[in-house]
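The same subunit A turns up in both complexes below, where it pairs with subunit B and then with subunit C.
Let's turn to the complex of A and B:
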């Protein structure tokens, strides 16, 4: 254990960066390029703190604590430097919060509010990029990019895809796929992890644009319906309707990581074609109910309830087994089921029906 | 290779060289030493054939390595520490101390299980300052002195593998290294079990891709690792976690080229040169308005006046000295009052500038300090990597303001904004490039504030550089009517009879300056105010 002083208060720490030790002591240090799921890089200069004995200010996210260290996290000098960085960022940022998708959920907006930056003192060039809507799912508004590189690190460290990186240098540097091509021409897999870590409105979900903003959204934590991994995700609801799916960083299964299906494949939820009740073949329905007429909602199918549907399946399977023997029956399970569900399917086939004809779509 | 074989080569080749006579090898910018110069690093440049290792051996080459390998690494570190050798790349960190830190970090961690090198030495040859070519001269003219220095440094710090990072703009340096390394390997001076002492060491070349920021050690390490060259925050320092996370010492070409001489001649010899805290010699590339430009090597503690007036021969055309820009684009401009300041690491920093890697640009009365600041800011903002906002956005804003000032568009608020920017950029930037980028602006504003004020308040460039902010006027009392200006004028707007005072037709003058340069009698003055044709279109 080492002893250090933060804002005049003595504290103990076993190690780590100033940012972590401060957080453990209830001291908030503003950050922009820092993300708990990503390696710190000390680039945005928002978490600058005063370390006694150092001429320049130091980034709290990378600077390790040492014995006897004296740190000031909120001195006038520190606040002035942070305000300066925000003024610079604002000088190269379109001030269109009124119509920005991320308004109310933007780290830059919050900090500019906190530090009272009314306007930037620096008149000068601003990056002018056309809105990049060449790709599905991901809308890139690079004018809003503050070059914090969270997206690049997520693509590298979390997804290990490395589809995007910095191109050009200095003022002209820009996050892009190689040769600034469309993402679909790069090795991007459209997991959208970049969107989930973007602190501003530079990267947003294309299909959710204009559907609602942070304060209009109610988040419901649920499980992704697509595969057996069972990723946790947050469905974002506005007026009872799903408008997007976002990462849930608190979850322990997938730790905020989603794939293209989980993040962008939610539109089926409110699709009128979506099946919400079981269907039965019309011929089967006639046979069971003994009637002639068909409620013709679906071509050749009849809507029914779960009880009838499952009873019918059980009856028919038992009949087939009795008539032709257990090996006349085969069961194909799905990767969308969990391990436990697939285990039960296998029990059903082997113990109840008595056949080894059981397989799984993922084996194909 | 044994010491006896080395001795045999030395004797043989010395006989051969004696037969050849005093014929020096051609070497670019390097001229024979002038009085006041002391050549340690440059001692072989232009004297030996850099493509023959035998000629380097003839000049005592690789004897220092042999001597070092007969000492313990700690003894080598102590020797270099007591010599007072400090890093020649600019920051001036004691070289021996750097190796000691790396050695301690190496001892503190377990040996790598995969057989990879446990520590690395890197030679920084990414010399990027405009007009500076000290390292190039050494790499081209005496590559083996650098290789020998690297071997000694590696032995001292505990590295077995090293990289020499050279910029691609130095093709001859790369070529000579590509010749030198296999030669040294063939003689067993690189490779396994050097001098039979059980020390394995090899060197590979890495060629830079043209980024100034890769001269910063952590960006250089990123570049060698195959990434985009961008500085990392320190700590951790490379000595603890550098190339591929291993303890790494990054030393400048000139630093390493000093090392064999220190081992051979002893720490006391080296410490006998220079000032109390800055020992030895320093190479400088003198450029600008000085009679003798080129490379020089002088003992630390020499004054700017001695360099500029004694070795440099004085100001070109005997004009008035205005400032010396030391330390490259991250250094500062020192006015005449610093001419007698001894040149060492501390004094230059105290004066607001830097030792840097040794660029020295001399400016005279016809250089506009606002324009000089703008020039360096143009360079720095172009070379900013883009990682942190204070540098990537801040230097751009500085450049925009300085450009406005040199276009007669500056305001008093711009002056305040300049001060606000410089103060904060140096405080908040990630690396030395950002932190130092403001130095040319800070020093010119401090020492030449009246020039800034003339640009802002009077829209006048007193040095006659910023177009559209001055015009020329022939002083009738001084003009003797020689006609030189009239003949030079490209637009034929100067009128006057022979031996009568001439006059410029200001309505048609484009203020090109040819007349001003042609006048031998100082009869043409720079006056405030533009002419209708002197403004450049805004690009």
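Let's turn to the complex of A and C:
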């Protein structure tokens, strides 16, 4: 253990960066490029702090603590430096928070607000990129990129895909796939992990634009419906509809990581093709009711009510069992359905029909 | 899975056979890639140069249907070179000598003949696996979807036990489960031979337990599997079917046979969220709920039971699936009250009381996070690793299993092997993913993978339409010329109803597991004019 002082308060630490030790002591140091799921980068200079004896300010995210160190995280000198960094960032950032998808959930916006940067004294060249909507799912608005490299690191460190990197040099440097192609022409797997770490509105969920912002969203934590990994998802809801799926870094199993289907594959939920009423084959309906019934949108089917549908299913299953014996009935359960539903289905087969003819797609 | 997903980060080596992990289980695939970048050794065996093969220390591109020979060959080399874990074998296992005797016939030279892998590569892979402990073996349907699938699983277990990789962190055998709740559907007894918790219907003790709980007498005769049901329907023996959330008319093998079977039924009811190909043949269609509309649990591939929470209301009159089943069962029972449950939590309470692995699991506990079964009591934390210190059956059993060739062999008439699988962007029959616009943009249609050498002799260029025929049917598909696939083998997915590859697949079943041989069918390919 070593002893150090942060903002005049003595504290002990076994090591680590100033940022970590400060956080453990309840002291917030602002960051932009730092992300707990990624290795420290030291790119944005927002976390600069004063270390006694050092001539220049030091980035707290990468600077290791040492015995006897004295740190100031919020001195006038530090605040002035941070404001300077923010003014520089603002000089090359659109000020369209009113229509920005990330308004209310933007690390840059929060810091600009906190440091009261109303306008920037720096005028000069601006990055002017058209909105890059060439790909599904991932919308790239590179004017809003602050070159923190979180997306590049997520693609590298978390997904181990490396589809994106920094192209060009100096002012022209830009996050892109090789040769600035569409992502779908690169080895991008559209996991959207880049979006999940982007601190601004540079990378956002294309299908969710305009549907709701952070404070309008309610989140419900549930489990992904696709493969057997069982990733935890947060369904983002507004007005009773799913508008986005995100994930939480602290959840077990996937620990904040998702794939293309988990993050973006929810649209089927609200598809107009969803079955909304019980249907019956027209010939069966005629047989039961003696009328033509209300045609469904599918050829050969009519709409029916739940009571008739359930009665008919029970009658027909019962009739087959009576006429041919319980083993003339087969039941397919589902690897897509819940344990509770599957328990009931096999109980129905065994208890009510009297057959063990119950299976599902485990082998398929 | 014997071990947990988190455990993979502790493995020194991975042997991936019959699993295209980065596409089928992307989160596990990414975890493995991270571990390999940090120094873990990766060995891949697959007839396709899958993404993982690019970072593998060695890629064994074996012939589809030669997994047992390959696994036996690896064990042969490990024993011959005295690389196995003798202490583990002596203390924890039985059947070693018998297996060793059989393995003597699996020399690298003979295995090369069967698998097409150079003998030197077999030796190299064996040494790599044996030298890195703990090592994890990951497999999926590439191992199991064969008429010899259950024997191949035993061959996998042999290799893991031989090197003492069972019951240890970072080791283990990972049969990656395909569907979100395929583990749970099995756990809950949706299999024809077992009640919930894998209690055999033929076992009188188990039967008495369920008879007591449910208050009726129960059949002791194991039922039919999916494919057997389709056969029985075709033969006129099965008269009525109830299908909940499945689409056998796309996903089952030999679809013409399936369609004829389903059409012969007196009655077919389908409970689903979309008007699927199977629903189109139904007499009654009941609209169910999608995952986001449900309260309940899914059990993932690491046996973790997790809470599914209702986020949105279902559309229109779509009904809760548990209530639909209860309503039908109550009518069949002639006693609706006997099928009234307050909630999915109450159903889990009943299931947990009858399922020893789930005995300590309740929705209330799951609110705080998922639990890995076996969880025998409410104060049990769940089980991260199986077979620690002792196997469930006592001693781990080595099985002497011989290579069994695929049921259908290639010949002059059908010279190519068709093997099937899935891709990242779509899922199974596509009833969900085809309704996500962006996924359709990324993968709009099927493209059969064929090696340029095979394609050129057939006069096929990239993007051409081809006619693919097996003894059971034919399908038209565009082709993709790629060296990712082994010469002599073609690959298709079953995602697209318009290129329904299961018209071609064979319904040959493993005698024990009753799993169809999706991974090997003999086909011929020609240009479609």
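Quick note on the criterion: the second predicted complex is superposed on the first by the 274 of 364 C-alpha atoms of A that agree within 3 Å, B and C clash if a C-alpha of one lies under 4 Å from a C-alpha of the other, contacts with A are read in each partner's own complex, and residues count from 1 in each chain.
Throughout what follows, contacts are C-beta pairs under 8 Å (C-beta built on N, C-alpha and C of every residue); 3 or more make two chains touch, one makes a residue touch a chain.
All values reported here derive from a predicted model rather than from experimental measurement.
Applying the stated contact rule after C-alpha superposition, one finds that A:173 touches subunit B and leaves subunit C untouched.
In the superposed model, A:103 lies in contact with neither subunit B nor subunit C.
Once the two structures are superposed, subunit B and subunit C can be ranked by residues of subunit A touched, with C on top. In the superposition on chain A, A:2 makes contact with neither subunit B nor subunit C. In the superposition on chain A, A:318 makes contact with subunit C only, while subunit B stays out of contact range. Once chain A of one complex is fitted onto chain A of the other, the partner contacts of A:252 are limited to subunit C, with no touch recorded for subunit B. In the superposition on chain A, contact is made by A:43 with subunit B only, not with subunit C. By the touch criterion defined above, A:288 reaches neither subunit B nor subunit C. Looking at the shared chain after the overlay, A:85 reaches subunit B, while subunit C stays out of its contact range. The touching residues of subunit A, counted against subunit C in their complex, run 136-137, 157-161, 184, 189-191, 206-207, 220-232, 235, 237, 240-242, 252-254, 257-261, 264-271, 273-281, 284, 298, 301, 304, 306, 309-314, 316-321, 323-324, 326-364. By the touch criterion stated above, subunit B contacts subunit A in their complex at residues 211, 228, 232-233, 235-236, 381-397, 400, 417, 420-421, 424, 426-430, 435. Those residues of subunit A lying in contact with subunit B across their complex are 41-45, 48, 56-59, 62-64, 77, 80-81, 84-85, 88-89, 91-92, 121-125, 146-147, 149, 165-166, 168-173.
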